[in-house]
Amino acid sequence: MEEKILTSQFEPKIASFVCTWCTYTGADLAGTSRLKYEPNVRIIRLPCTGRIDYNLIIKAFENGADGILVSGCHPNDCHYSSGNFYARRRFIVFRELLQFIGIDVRRVQFAWVSAAEGAKWAKLVNKFTSEIKDLGQFTNYQKIKRDIFLEEAVI
Amino acid sequence: MNYGYFPGCSLHSTAREFNISTKAVCSSLKINFTEVEDWICCGATPAHTTNHDLGLALPYSNLQLAAQQGFDTLVAPCAACYNRLKVSDFEIRKSDEKKNRIHEITEDKTEADISILHLIEFFKNDFGIEEIKSAVKNPLVGLRVASYYGCLLVRPNEIVNFDDEENPTSMDEIVSAIGADALDWSHKTECCGAAHAIPKTEIVLQLCKKLLQAAENSSADCIAVACPLCHANLDMRQNQINKTFGTKFNTPILYITQLMGLALGYGANDLSLQSHFVDPIKLLTRKNLIPQLEKMNREN
Amino acid sequence: MKNFKIKNDYKNFVKGLLSLNYLVIAPKYENGILKFSKIKNAAEILSPSEYINTVSSTKEYFFPQTEPVIKFTFEGKEIFLKDVEIGKKPKVVLGLRPCDAASFSILDDIFQYEYKDEFYFTRREKTIIIGAACESNDESCFCTTTGLAPDSSQGADLFIEKNNEEEYFLRAVTEKGERLVEQLIAEVEELEEEPKKNPLYEKIEKQIRKKIDLIEAKKWLDNNFENEKWEELSSQCLSCGSCAYLCPTCHCFDIVDEVNYNSGVRRKNWDACQFDLFTLHSSGHNPRDTKAKRYRQRVMHKFKYYADRFDKTLCTGCGRCIRACPVNIDIYEVVKEFAPLVEQN
Amino acid sequence: MNSISEIAKKLLDENRVSAVVGYSIGSLPNKTKTVIVKSSQQAEKLIFNNLCVNNLAIYLTKSFRLTTQKPVAVVMKGCDVKSVTGLIQEKQIEREQVFIIGVKCNGVSEDGKNLSPKCYSCKLQTPKMYDILVGEEEEKNIEFKNPFSDVEEFEKKSLDERWNFWMNELEKCVKCYACRQVCPLCYCEKCIVDKTVPRWIEPHTSKSSNLSWHITRAFHLAGRCTGCGECERACHHNIPLSLLNKKMAKVVYDNFNYQAGLDDKAKSPLADFKFQDKEDFIR
Amino acid sequence: MSRIGVFVCYCGENIGRTVNCSEVTQRAAKLRDVVYSVDYKYMCSDPGQQIIKDAIKKYNLNGIVVASCSPLMHEKTFRHAVVEAGLNPFLCELANIREHCSWVHDDKRNATDKALDLIRMMVEKVKKNLPLDTIKIPVTRRALVIGGGVAGIQAALDIADGGKEVVMVEKSPSIGGHMAQLSETFPTLDCSQCILTPKMVDVNSHKNIKLYTYSEIENVKGYIGNFEITIRKKTRYVDDSICNGCGICIEKCPQKKINSEFNTNLGTRKAIYVPFPQAVPNIPVIDKENCTYFKNGKCKVCEKFCDRNAIKFEQTDEFIKENVGAIVVATGFDLYSIEKERSDNYQGYGEYGYGKDPDIINSLQFERLLSASGPTLGEVTRPSDGKIPETVVFIQCVGSRDKSKGIEFCSKICCMYTAKHTMLYKHKVHNGKAFVFYMDIRAAGKNYDEFVRRAIEEDEAIYLRGRVSRIYREKDKLIVKGADTLIGKQVEIAADLVVLATAMLPQKDTVPFAQKLGIGYDKYHFLSEAHPKLKPIETNTAGIFLAGACQAPKDIPEAVAQASAAASKVLGLCSNDQLEREPYVAYVNESSCIGCEFCLQSCTYSAIENKSIVNSKGELVKKVAYVNKGVCQGCGTCVSICRSKSIDLAGYTDEQIYSEINSMFV
């Protein structure tokens, strides 16, 4: 179903939504530790995983993301004490919904990365990037979008 | 609910009176138990102390039989049977790997999704203490009963958990419901020595003496039990205890169902009261608790 | 105008049509519902006796739910506009009932009123409409009220009927239609005489809900813009808009710009007067802020305003809105409240 | 026992309610019509039969939202009452504002022939909450079906099969939003799709924007949908919306042990959490 | 129109080594709405900041993107610079091309492209940024302390000594709490009352402390800096403004045999009473339940003898309002009740016979037996017959660390006070034998382990490691059956007295109380701190702090330390007239909010309330959510939970994020 473009040429587009207190800081730590990781990920910084609504994820897919990485504080470590618990529930439900609709949930990865886990962040990005490379471009989703320049007036 | 009845070997032999009285009580209370056909050993003491898998497979086999015969709940009066069935069920539910192994041993793939109740648990939770109370025709007024639970009925707590493991009260509730005085005594769950009766009789004598002493200290007329082994140790060894320690115990040991049967209007023969070593009939006659009319309103 | 007998069966006729390189659109079951869809081979075709009518009308092939009007791109700081191309392939829409065929004369009027909508008319001109007389009806149909009948060919280029011998024949209604038949001469044969009317059609006409006097209805509407009846009639409406989306004559649309980072499009999207945001102004004011006002608009538009302007009703009695309404608001019953039935003999 | 129309008459005569929402004979043979009766003369119209499939809870927010001081009476089946519970739970109405004329229901039908699918897994022939109860309960000879059997069946399909299925179904959607309009729990005054700054869901129809809408609809109803099936009934393109709703209900039940519409004091599961919530996918 | 300036920093070589900064600058200049783009070696340096300031003025910029290091590093710096150029600080965003780009990638091409992407996203975001003002909240510079135990007393005194007014509310007739009941305290064995009473007196006489005893919190409204408290002053039937505490009423009261709560039911009191002689305030209370007048309508002896006419039988509850800026919660603990019949979720220890046999007592009762001011005046005697017990068995962890009874936590103080009990007992009964059943000895603390060793080694307490299964009476003795797991044998001890070291639980009505305050609690109903490590004093409601055992079991030094910490937090808060906060708070679109209250439910900080919208006639149109800006912490959980997107978060608005997503992959 999904057309695999030659893996060597395919550079996946990965959108990442992270909380500022844990994962964003953790990613900063990866930087200050000069850990190297794949350049495919684009981070959007939010105050808390509690702020990450499902429609950010949908929108990122609509905009051509091949994979989405959502990350925040570990349970019990949330700066706002419970934002990540609400997020966790939301993801449990949302992920099942995607799966039910036939979206490969391997394309949406959730993770807890603390401010101290720079190495975990680097590893996570590398692992996820390589997984998305294996999965290939998310043509399923990209094909259903009306490309206005290819859109033939049906009739 | 479709209740299956698992008497186990004791109730067909040494504890016949437990079986007889249970059946009498059930018939009076219009409780419909059907004995599981072809039941086998529950795996108590010899099996489970020698081979773990065998100790699980034997009771599980019984659960499979019950499931095949369409029961969803299995009631066991014998505390040992109950305990073995529960343990097996618990262990096998916990691990698929274990389940597969046991399925291979029993050469049967039936999924035994059955809930297991002890008779007392059944009376308390399914049937209802109030129901028992309202069926009483011959309240056992003035009879002071020490309820003895022993070890297998309420332990271990994570597996058999219908009552407090240290200070259980469900049997006392039944005792109160049938009009007798339920005594709050100290030795409800102390050890009776159990299967040591044969290899190390002196331990049993020692422990049972303490039990009888505690009951006597709390001025009990009799002790109620729900386990054939408890019964055997306390009843059969009483004479030997008196000889060994120079005591003068004369405390009748009765199955809880026998007491219930009396309260429901059955006579001594109906409940096989005469088959105990320590004669309860004298006590009960003295207290005027044996119904005048034998088989009074039996069919009602 | 000429009449033609279909030589073999109906499917063969469609096969002939398909071979002419037309896009053929006809009623077809798709994902469990009957709707006008592209026909790829003749086996898929339903004969006129095999259905009453489709769930949705054919308007989406002329006035689609969404339609780009103009496209634009951003290149650096510049914006470039780009025209939209409209499908050029000639089409045949086949098997429309009289109520659907008649909708074109209504839509044609509105889409050239004061301004000619090139999107609609480009498609319209490239399309040949082949109507088909009704061989059955249901409780919702009320075309006779709007002046139609099971065998009206109004709005069609060609019209399929059954003669007394239960054979299908084609009536050429317009020259456009006749020219098409000439291309299909292998499948048809011209009839010398005007065929006799099949009594079936009269029978169906009698089964259809009785005709309401729309002239009287309009008189009532002329005088009752303010009337508490509107409140009562609309009270159970849920503003779902199904009526308008399924209606062959409803034609309201909204214009929306969709802009991405480097491109954008201006679209026409269907809209419906029953939606509570339909006339919402950006100020926050909404002149039709209640269901009663919105429902009044719907009825007035169909039976008064349109009639004032074009001397027709904006309704062909297809009954789709009645079938679809989740709370059983029945426009026929509503209009009947204002006007008597026409005496028929 | 009093009939609905007698009760309605009494309520209106005694001025206890401002209106009675109920069912009357429809204009088509297999339909009933919903009516809002405001005077006791009109109360004659009110009926109840096995065609009364509509969930009238919708009118509590669509027609009466806080505009009446006096309560409104509504004729409700057991299943419909769940929506009222939801509305109370979500602070849209207060219990005192509704007078529930509960009807004992023996199953309803959309077409006069077949039982409505929701009735097969219904355990609420008698409403859980009502102010007055009418009707007789009949011996229910409907075979009870696992409400989630179609969800479980669907989950057995492969990823691609599921995707293709939904793409075919969602392609039909014309974005009329009737599914939203008829939903008793879609009471927002301005729906997310009508918001333009930003526009999360584009208004045109395409598989992708239709998918966004239907994901949104299902997700917003997760833990809230009571399964009345009105959305699916209103959809003239027969998109299997209930399948999505049921999937959400199942997820919420399996993970959080929560069922919508049963407790008007409960927190909605997605506005709540437990420390012990289990998942196995977060790295 | 947006006029965005992009400022690309080389960060010396830190960025420049992997990102081609001049290429990035040139490409950024071509981005839509970017009117100026420049690079510089160190943008954070003074000349670097000057470039930004100059460009803002020269090009009339209304949005700034600095492509440099992490915003966590220099966001403040650049925003400060922007302010100096007259722009709102929140119109400046940082694109993190160092930590998230140059430092983590090797390939120059990739890093350069990514840097441009990050800049583009920020340009799009900053276009949607709105000028924001920092939030200023006025502060009422007074504090409320709830609970008058040692923690509350310490907090109140510290705040009052710091020059700020304190309102203290205590529910019982006297302050002092549990500490007043104790005999002597570990590990120094100083007399509890001797060290506490002076502090109690201080509280009463301090000019900055307003004390309400026999009072409870009725209602709490408001938020940090601005709480409005309603206090219910319960009916004493004694006018505390007139009474001089002479005590004649108590002396004359004929009702004598009422169990004294203070003496843990081991002693008696009158129907009009002060809980203990050193009570503060020294004003009696009439116990309505037991008062002859209230029961029979006759008596009033106290009234007769009171020459100041302070007895007021007609008195009713009084409600008092107080405004404070901060709250210290120090409601303390309660003991787990050991009897089997219980209303909460815990199982009792029916097998221990507590409540059935008078000689089986809990540890607090034993404290009273030891106390010189206790019912026995410090003589250790058996409650049953007054005999001096020769063998006492102490059982630890009764309730604590016992999953099967529902309590899994360690009560922390029992090891220490049990050791103390054995010592004090031995000091009083020299020939007595003390046995202790324990699970582990947890004596971590300054001089703690030494103390326990002393009990064992010098005072010869016999420690048995094991649990007790049963206690029952045999004639004069209590038989304690247990296990000594170190020798692997069962033991039976015939004791005269058994003391159970009972678990500590929070006060009984903590849940409704916590809900009143809008603060969290755990499964045992202990009050929750905002962060277990970094905010152990704060609650998740700003302005409310915790002190003492209401948060978790604590001993006296810990409770006092936490109380002083809470006091310093309060003093910090009260040191300004206004609080300043970053304006990242949620706000509501009232036109589309439908009032479903999901946001309200999910707000950790209770920052969201109801607001009624009324029309010109004053009729309710609808209820909507209202965000209290002083309380909102800006997590945005409400934004995700709102279905109609009627609530948004300033600084992270839907529009800003949408723009970022839209420009992410081009």
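Note that the chains take the letters A, B, C, D and E in the order they are written out, and that residue 1 is the start of every chain.
Note that contacts are C-beta pairs under 8 Å (C-beta built on N, C-alpha and C of every residue); 3 or more make two chains touch, one makes a residue touch a chain.
Remember, it's a predicted structure, so these values are computed and weren't measured experimentally.
Both chain B and chain E are touched by which chains?
none
Using CA atom means as chain centres, which chain is nearest the centre of all the protein shown?
D
Distance from the CA centroid of chain C to that of chain E, rounded to the nearest Å?
69
State, to the nearest whole Å, the distance from the C-alpha centre of chain A to the C-alpha centre of chain D.
Chain centroid spacing, chain A to chain D, equals 34 Å.
For chain B and chain C, what's the span in angstrom between their mean Cα positions?
Spacing between the chain centres: roughly 81 Å.
Compute the distance, rounded to whole Å, between the mean C-alpha positions of chain A and chain B.
61
Residues of chain E touching 2+ other chains?
591, 602, 641, 658, 662
On chain D, where are the residues touching two or more other chains?
190, 192, 200, 204, 206, 270-272
Would you please write down the residue numbers of chain C that are in contact with two or more other chains?
260
Which of the residues in chain E come into contact with chain C in the complex?
Against chain C, chain E makes touches at 30, 32-33, 124, 591, 662-663, 666.
Taking the complex as given, what residues does chain E use to touch chain D?
591-592, 594-599, 601-602, 620-623, 641, 643-646, 654-655, 658-659
Provide the residue numbers of chain D that touch chain E in the complex, in ascending order.
That would be residues 65-66, 90-92, 187-192, 195, 197-198, 200, 220, 267-268, 270-272 of chain D.
If you look only at chain A, which of its residues touch chain D in the complex?
Contacts found on chain A: 1, 54-55, 58-59, 62, 75-76, 82, 85-86, 88-105, 109-112, 124, 140-141, 144-146.
Which stretch or stretches of chain E touch chain B in the complex?
Per the stated touch rule, the residues are 340, 347, 349-351, 353, 356, 404, 469-474, 479.
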